[in-house]
Structures are given as structure tokens and as C-alpha cells.
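I have placed the structure first, in the form of C-alpha cells, so that the comments after it can refer back to it.
Labels for the chains are A, B, C and D, by order of writing; each one numbers its residues from 1.
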Amino acid sequence: MGHCQDREGLVAAITQWIFENGGNILHLDQHVDPNVSRFFIRVEWDLSSFAIGKNEISDRFKSQVAEQLQLDWSITFSDARPKMVVFVSKEGHCLWDILARYQSEEWNVEIPLIISNHEKFESVARQFGIPFYLFPIARENKSAQERKELDLLEKLKVDFVVLARYMQILSDEFVACYKNPIINIHHSFLPAFAGAKPYHQAYERGVKLIGATAHYVTSVLDEGPIIEQDIVRVSHRDSVSDMIRRGRDLEKVVLSRAIFLHLNRQVIVHGNRTVVFT
Amino acid sequence: MGHCQDREGLVAAITQWIFENGGNILHLDQHVDPNVSRFFIRVEWDLSSFAIGKNEISDRFKSQVAEQLQLDWSITFSDARPKMVVFVSKEGHCLWDILARYQSEEWNVEIPLIISNHEKFESVARQFGIPFYLFPIARENKSAQERKELDLLEKLKVDFVVLARYMQILSDEFVACYKNPIINIHHSFLPAFAGAKPYHQAYERGVKLIGATAHYVTSVLDEGPIIEQDIVRVSHRDSVSDMIRRGRDLEKVVLSRAIFLHLNRQVIVHGNRTVVFT
Amino acid sequence: MGHCQDREGLVAAITQWIFENGGNILHLDQHVDPNVSRFFIRVEWDLSSFAIGKNEISDRFKSQVAEQLQLDWSITFSDARPKMVVFVSKEGHCLWDILARYQSEEWNVEIPLIISNHEKFESVARQFGIPFYLFPIARENKSAQERKELDLLEKLKVDFVVLARYMQILSDEFVACYKNPIINIHHSFLPAFAGAKPYHQAYERGVKLIGATAHYVTSVLDEGPIIEQDIVRVSHRDSVSDMIRRGRDLEKVVLSRAIFLHLNRQVIVHGNRTVVFT
Amino acid sequence: MGHCQDREGLVAAITQWIFENGGNILHLDQHVDPNVSRFFIRVEWDLSSFAIGKNEISDRFKSQVAEQLQLDWSITFSDARPKMVVFVSKEGHCLWDILARYQSEEWNVEIPLIISNHEKFESVARQFGIPFYLFPIARENKSAQERKELDLLEKLKVDFVVLARYMQILSDEFVACYKNPIINIHHSFLPAFAGAKPYHQAYERGVKLIGATAHYVTSVLDEGPIIEQDIVRVSHRDSVSDMIRRGRDLEKVVLSRAIFLHLNRQVIVHGNRTVVFT
């Protein structure tokens, strides 16, 4: 998976290298964004008769292909099992959806712990055999608590964080310090109804559709690169609490789709936009 | 069709009056908005054996039912044929869609004229046998031109106006003077991307859905009561011009659905929200 | 909730009775199906100042309203907590979704037991503290096992059954004997791809949408009255296993929507069609 | 655009050839169907500094690439303007939608004539300046009339035919004789409700979604490869005529999307399935 300045011969160079080393391409997705003259590519190939050993692939790709093309790239192996930590508060539907998939082994992921600012889901975590860390957040301890959270994420070598309706805004320091991706679910079709109480805002505005948006977290609230969105139709009959109820199904499905895309390395971020190869 | 302060016995009172006069209810939709304690009702009944003559129905309903209930109401007859004027600029897809339905007699409506600030669709109007009035708008003549448009709408007793991708913002004076409904199509899922170039905004934000919104025009741009919205999925492969192309189908269908709902008297406006009885 | 032969004055008669006894109507939905001259109504009213005691409401409604109108009717109270039994086999996503909502108290329902023909979800049932009954089905014992299941349902006074991807076809005898509703989720947009392996059928046919259908079970497989359906877009890139994965989210959400509608008494069955008041 | 038996090095071989001749790849889409071990590719490249003259590209591609790879391929130039003939009967919404796009020059296509079995749209064709040929079909003249239609299509070197709600079933002879693609719109989400009166069938079955399907015509009615499908939600309130009305918008948009995809050479047929590169 990689991207670089667009120019002639990029697909040829990459596919030729795979071919010459005996790899068979299973999937290839390529995209050129003409606005920014940027080339994006995602290739999946079969290693069963590949001439280069697994440990050397990255080095060889770097020296033989990537450096010359000035490609911003990464290679992962489909048997890798990333570590994902879930942050949750008092709304459990996204957490439940994640845990059900986890226990069903729907995703190739490990959840080494759940972090929360409330104790509400401690017993649920226990029910699924996952350690639960409680970090209550108040104005005066926020910075210290986040520091502890960051230490924990680092100690456990967590690959990415999922905010499953975590109702605390992560501080700029947290976002700046944590170098790995953070995926958030916002309960509106962003950029509409950013910020607090989006269903109340949607009700007030009288919209006929409500939505949910999964995005990577950046330092600007609700403005990070969007991974996935979806909507459901509402009517004047839907009160705010009906919207909240109907939105729950949307949120959990949109968030889980985004996690799946992220786990499959189908998402490339460039600037504030994503290329999602599906 | 009416609404009033909610209290006990409203449905009973209205349906009893219809029943006692020999009307058979074909459709009845009722809605109570508990947030504002407001009661909304739409009733369609058969006049074939109704005891009250068509000319007297409104008066009798007023004195026997509406005044007592303090109902904000209107009665229309399904054979009425309202007059609708279409405003258009240089984007023709909504106009074409309206004209095709008009010539096919899909709607029970009369289009006595088309108004534009550009001559582009003059021949199309002629092709459909509809008078076309050209009012080019510049900063210095806007007020005078709008005055002429208003005179024309009044002279022809136009029932409502449709802005079919009319790219001029109607002045506050126009909106204040024209007492009948104005329906606009905005090419985004409002409130996201209000104002100019919504598809460019959508592209920049990297959304995964684009939308269209049909709404009644009020003095605040793109903030009137929403009648209908819909979306279509986009991806990183869609350039701004792809979004514009795909959005055209959305806009025309959403606008035409809103016109149909309006023509069928299925929409009640209250505050900045609509009750749409479908 | 009721339906009867359509004729004049039905809404008036019912609402007048509620009004005269001091009830305030919260929701009223009414529908006339002109094809079969059938009138359907669902009324929710507030009992706080209702003149008739809770225990007598049904009797009084029967003698004072329903008999005269020849209404096929039922009255339920919003604080009732129906008993629902879930049947499951080896696919757990619908079960998980139901259990997460159950533990979150999203629905006003009691799940006294889970029935399965496989032991796979025994530990999951235990995790949620719900009794699990295993009835392995083979050709020779099917009839006897179903008899035991029916006895259990009867003994526990179960109000309705949900087949949450239960992969055994209930025998005609079971369906005939069990008088309460059975809700099934079928993993296609019926009537397309009825029967076995609908995703394989969908793949073979090359459809661009896959769907899920929640319906009441009748003696004819996959042909009962439809409560809810939804679809998701697929492409040539989706293999059968991709469809199965993407369909899971659809199935669980569609089934849970149907259960919610059923629990809220928003569904009236007439013939092989449903009136769903939303 | 091409497809062949999948094996190693296909992408490399094709992209290398383009690169070596100075072409810059604008879009590349590739798909491997592992079920049939088939490789599909669509490449768009810029000819501005391509070393091979436009007239020789096909020959050179054939001898230098395609023959060796046993590729089933075709090359078209984006400035080509295919000839499309529209067949219509008495339902005009798809025709209108096509004609509006045609006159707006939304598509790069030529419509040299419209064929119908009814005179209804003769004046509409004239309004758009397109020759209209009337071929009334009765049992006894069907074969002769179809022969004349085929002669006309051949004489005008028509590239493809669109059945825009043409209510005559083309005979097997017609389908067998006409070697170019025929695109049909069927007013249901196939395979549900194939054959006559799909909205009546949908109403009877009580579905909660209605759909439309654009597909290539083969000798088996409504069973050809599907290009595009979409659905719209309906309820018990929708009568058959409501479904027909709401379906019209679906049909015209789905058909026009399919025509656009076909015109852009984004569709590859293999067996009874399509690969649609979007």
C-alpha cells in the first residue's frame, strides 16, 4: 500500500517487481487524484512461490522499488493480528457490536484492553474476558489520566484505538502524542451537526435523514479524514429519542465497517481525505 | 389539513363532523408533536354523498369545527389545478424533469410561465409551449427585475414558485413580498454545505455520501423547512465533476418528489420543520 | 389495534369512545386498503385520566365499540413485557445483536430461554444468564423434538418466537400447532432467492444488491407476510463470502427492527401482507 | 478493456507495454474472479505523447500483448460517439430522461432514430428532431416487423439498442440476429418479479422495497447480465399505482446509469455476470 507523486510507469514498475519475483497479484487497486497529481496503489499478492523471504520483503521493496519512486508505502502480512484498544463511556451499542464480532472471530484483531471513563461496562468487559481500565476524567485530572492511558497504549504496543462512543474529547496533547491511528464514530453525517448532541441538532433542523460518520481523529474535533458514512431515513414522527434509537444501529454498523476497512489496510489517508479501496 | 394546540378530542371532533355529513374518510393522518404540544391532521374524504355543497364546505367547516378548535387549517379539492412557475438559470436537469412530467400529465398542475436570468432555456420552453420570461439580473437592476417578476406572479395568480437550480439568491424583499410558497432544491444534504459550490465543498471534506435537499425558501439562505432529502454514495474515485453529474439525478428526483408532496397537500410547515404525511 | 370491513364513521366511532372516556390520543394511524375494502387502525392513548379501569378496558371496548363495528382487535398496555424465545443454529450474529439489546434493556421484552439444534451458543447463553435448551434435530427425531419444543413454549407461556438464523425448517405441524407469531429472518430480499444458500444464488445471478427480509412464518417456506426488508449494494468484487459477511449486518439490523415493530404492536397482518404503522 | 485466463504477470505485461510506448495511465481497474480463474482489466491512458499512432494502436496491442496473453479485448477512444437506438412503447419516462440528457449533451452518443410499436411518442421524437419509426407488432406480423427493424439497425450501423420500457418481448430470432448489445430496464429488483406486471406482483407479495434492474438482453427473458439495480422503500400505504409512479423515477435513473456505464466502457460481461468498473 503506498502513494507518491504521479508519473508515468508507476503501475508497471511495481507490478513488474512482483512478477519478476514470482508473486501472483490477487488484488490491485490504483487511483490517481489529478487535483493533487498523486498516485495511490494497493496490491495484494500471493507469497506461496515468492522468491523473497518474508523477513526481507520490506527491505528489498524499499531498495528496489520504493526509494526510486519516492513512494510513501507500507507492507503488511495478512496473518498479522493488530492490537486494538476500545475506549467507551456510557453508550454500549458500539462496544457490544465490536465484542460480538471479536468473540465470533469475525475480525483478525486482538483487543488487549478496554478503557473507559465510567465503570458502567466493567462487567461486560469481564463477561468477554477483556481487561477493563477505568480512568475517570475531570477537568483537574484529565492531563494526568490521559498520560496514564498513553503509557498503557505504548506499553502494550497497541496498533490503533477505537473511540466507540467515547464521550470525552481527547486533548490535543493526547492526539499529538499518540502516533497510531484513532478511529472515532460521530453520530451525524459530518460535516452536518459536528459537536455535541447531533440528534438534537438534527431534530431542530428538521432533516429527513440522519447519519453516522467514522473518521480518523485529528486535532480538530470531528474534522478528521472520513472513512465511512451512512444514513437512515427519518420523518416528523421521529422524536429525538427515536433518532437516538435508530441512530444506534447506524453508528455501530458504520464504525464496524470502518474498523474492518482499516484492519484490511483498505484505507489510505492523504491530506484530509481517504482513498478507500473496496 | 390543519394544525392547532393539542388537546383531547380533536380527532373525534373532526372525524365526527365528516361522518355526520355523510363523508367517507379515505385517508387520515394525524401527528402530535409533544415538544410543542401541537396537533397536526390531514384528512381526505369522499364528497360523492357529502351533505354539504362544495362551495359551502369551507365556511361550514370553519364555523362548525375550526373556530372552536382554534385550528389553523385549509381545505382543497383534489380536482384543483394549481399554478406553478419555474425559475431556472443555466442548469437544465431539474427543468427537463419537470417539463417531462408536465407534458406527460403526471402532475395535476399548470405551468403558465418559466422565468430565467439567462436565455439558455428559451428554446426548451418554446419546445414545450410555455411562455419564457427573461429577467437578466445584475447588481444594479436586481431590485427592479424582482419587482417585475413579483408583478407577473401576482398578475397570473401563481400558487407557488419552484427554483429549479435558479442560481440567483432571491432578495429578502422578494421573499417577504411573495406570500405563497417557494420551493428550492439545494445540491447538498443540508445543513452540510450550505451556500455556494456544495459539491466542491463535499469533495474537499472527503465525504462518502452526497445529497440534495428540497426546502421551502425563507429569508435565511438554505435554512428553510426541509421537505425532502436523499443521498447517493460516492468514493475517492469521484471528482468534483463526477459528483456534479451524479448529483443531477439526485436533485431532479428530490425536487420532483417535493413538488408532488406539495401538490398533494401532504406537507404542513410548523416553525422551521415540516410534517410530511406519506 | 384492529381492522374491519371499511365503512363510514369508523374513525369517528373509535376516537369518540376514547374521548368520551377521558383518554387523550397520543398516536393514531389509520389505513384503508381499497383493494380489499379493509380498514386498519392503531391508536395509542394516555390512561392517566381515563374513566375506565385497566382491567375493564377490553371488555368495555368490546361491548361498546368493537362488536358493533365487527372489528378484529386487540388492546395491549405499554408496560406489558412479552416473552420471546430465540431459536438459533450456528450463525450467531443475530443472536448477539438480540442479546446485546436485551442486556442493554433496549427492548421491553423477556427472554426466558434460547433453543438451538447445536450446542455452539450454549456458553453465550450462559454468559447472558439465559437458559439454553439443546434439541438436536435429525430426520428420525424431528417430530418428537419439535413436540418437546412446543411443550416448552406452552409451559412458559411464550408470546412469540424469533428464528435468529435457525437453519432447521420448522415442520408444518409445528407451525400449525404454535398459535403465536414466529418471526424469521431470511438472508435475501424475498421473493428473490427463497430457500437454501441465498447468497450463493445472488452471486450466481450477479445482482448488484443483496438483501434481508424479516417475515412472519407461515406453512409455506419464505412466503409469510413481510415485516421489514433492507438491502446493501454489492459489486463484482464481492465474493460469496464477502456477501455473507456484509449480509450479516443487514440481517441482524432488519431482524431487530422487525422485533421492535412487533413488540410495539406496530404490525397488523392481513392476508399475506402487513400494515406497518411507523 | 479485456479479460483472459488469470495467471502471473498480466498487469505487469499490459502496463509495461503502455509505459514503454510513452502512455500515462489515467485509470486502471483490475479484477480477478477466483471462482473462474478469470482476470479482468480496464485501463485508460493518455495518448498525448503516445509513441503509436491512433490507427495502429489496436494492431500493435494485438500482436505485442493480447495474442500472447490470449486476452479477449477491445480498445476504444474517448472521442468516439456511438450510435444508440431507443425502443419505446407507451410509457415515456425513460424516453424523456434519455432525450433530456441527449439534448443537454450529457452523454457522448448519437441517437439516429427512435423505434416504437405505438405512435404515442412520435410528436415527442419530432420535438427533439429525431426520426421516429413506427412498427406496430401483432402476432402475425411480428417476425416481418422485427426483420425490418434489424435491417434498419444494420443499415445505420447502430452500436447498441436501449429498450426504454419497450413492452414487446423481442423474439429469440431478433436477439440471435442482432450482434450488438441490447440494454433493457425491468421494473423490479430481478430476479424477483420477472415477467409481466412486476408492481402488481410486488403489491401482492407485500414487499417493503421495490426496485428496477438494467440488464443486457439475452434469449432468456429478464435473465441477462445485470448492469445496475436500485430500490426505493414502499409501505402498506402505496397502492399499485403509487408503486408505478414511484418506480418510474427509479427506472429512468437506473437505466440512464446503465447507459452511462455502457457508454464509458465500464462494463465487461462474462458468463451471466458483469464486472462494472466504477
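What we mean here is this: contacts are C-beta pairs under 8 Å (C-beta built on N, C-alpha and C of every residue); 3 or more make two chains touch, one makes a residue touch a chain.
Not measured: the values here are computed from a predicted model.
Trainee: Considering only mean CA positions as chain centres, point out the chain farthest from chain A.
Mentor: Max centre-to-centre separation from chain A belongs to B.
Trainee: Name whichever of B-C and A-C has more C-beta pairs touching across its two chains.
Mentor: Here the pair linked by more C-beta pairs in contact is B-C.
Trainee: Could you please state the distance in Å, as a whole number, between where the Cα atoms of chain B are centred and where those of chain C are centred?
Mentor: The separation of the two C-alpha centroids amounts to 38 Å.
Trainee: Express in whole angstrom the distance between the two chain centres, defined as the mean CA positions of chain A and chain B.
Mentor: It comes to 41 Å between the two C-alpha centres.
Trainee: Two-or-more-chain contact residues of chain B, please, as numbers and ranges.
Mentor: In chain B, residues 235, 237, 278 touch at least two other chains, as defined above.
Trainee: Which of the residues in chain D come into contact with chain C in the complex?
Mentor: Residue list for chain D touching chain C: 31, 33-35, 40, 189-193, 204-209, 211, 225-231, 235-237, 239, 272-276, 278.
Trainee: For chain A, which residues count as touching chain D in their complex?
Mentor: Contact set of chain A toward chain D: 7-12, 15-16, 18-19, 22-30, 32, 233.
Trainee: Given the complex with chain D, which residues does chain B contribute to the contact?
Mentor: Per the stated touch rule, the residues are 92-93, 96-97, 100, 103-104, 106, 124, 127, 235, 237, 245, 248-249, 253, 256-257, 278.
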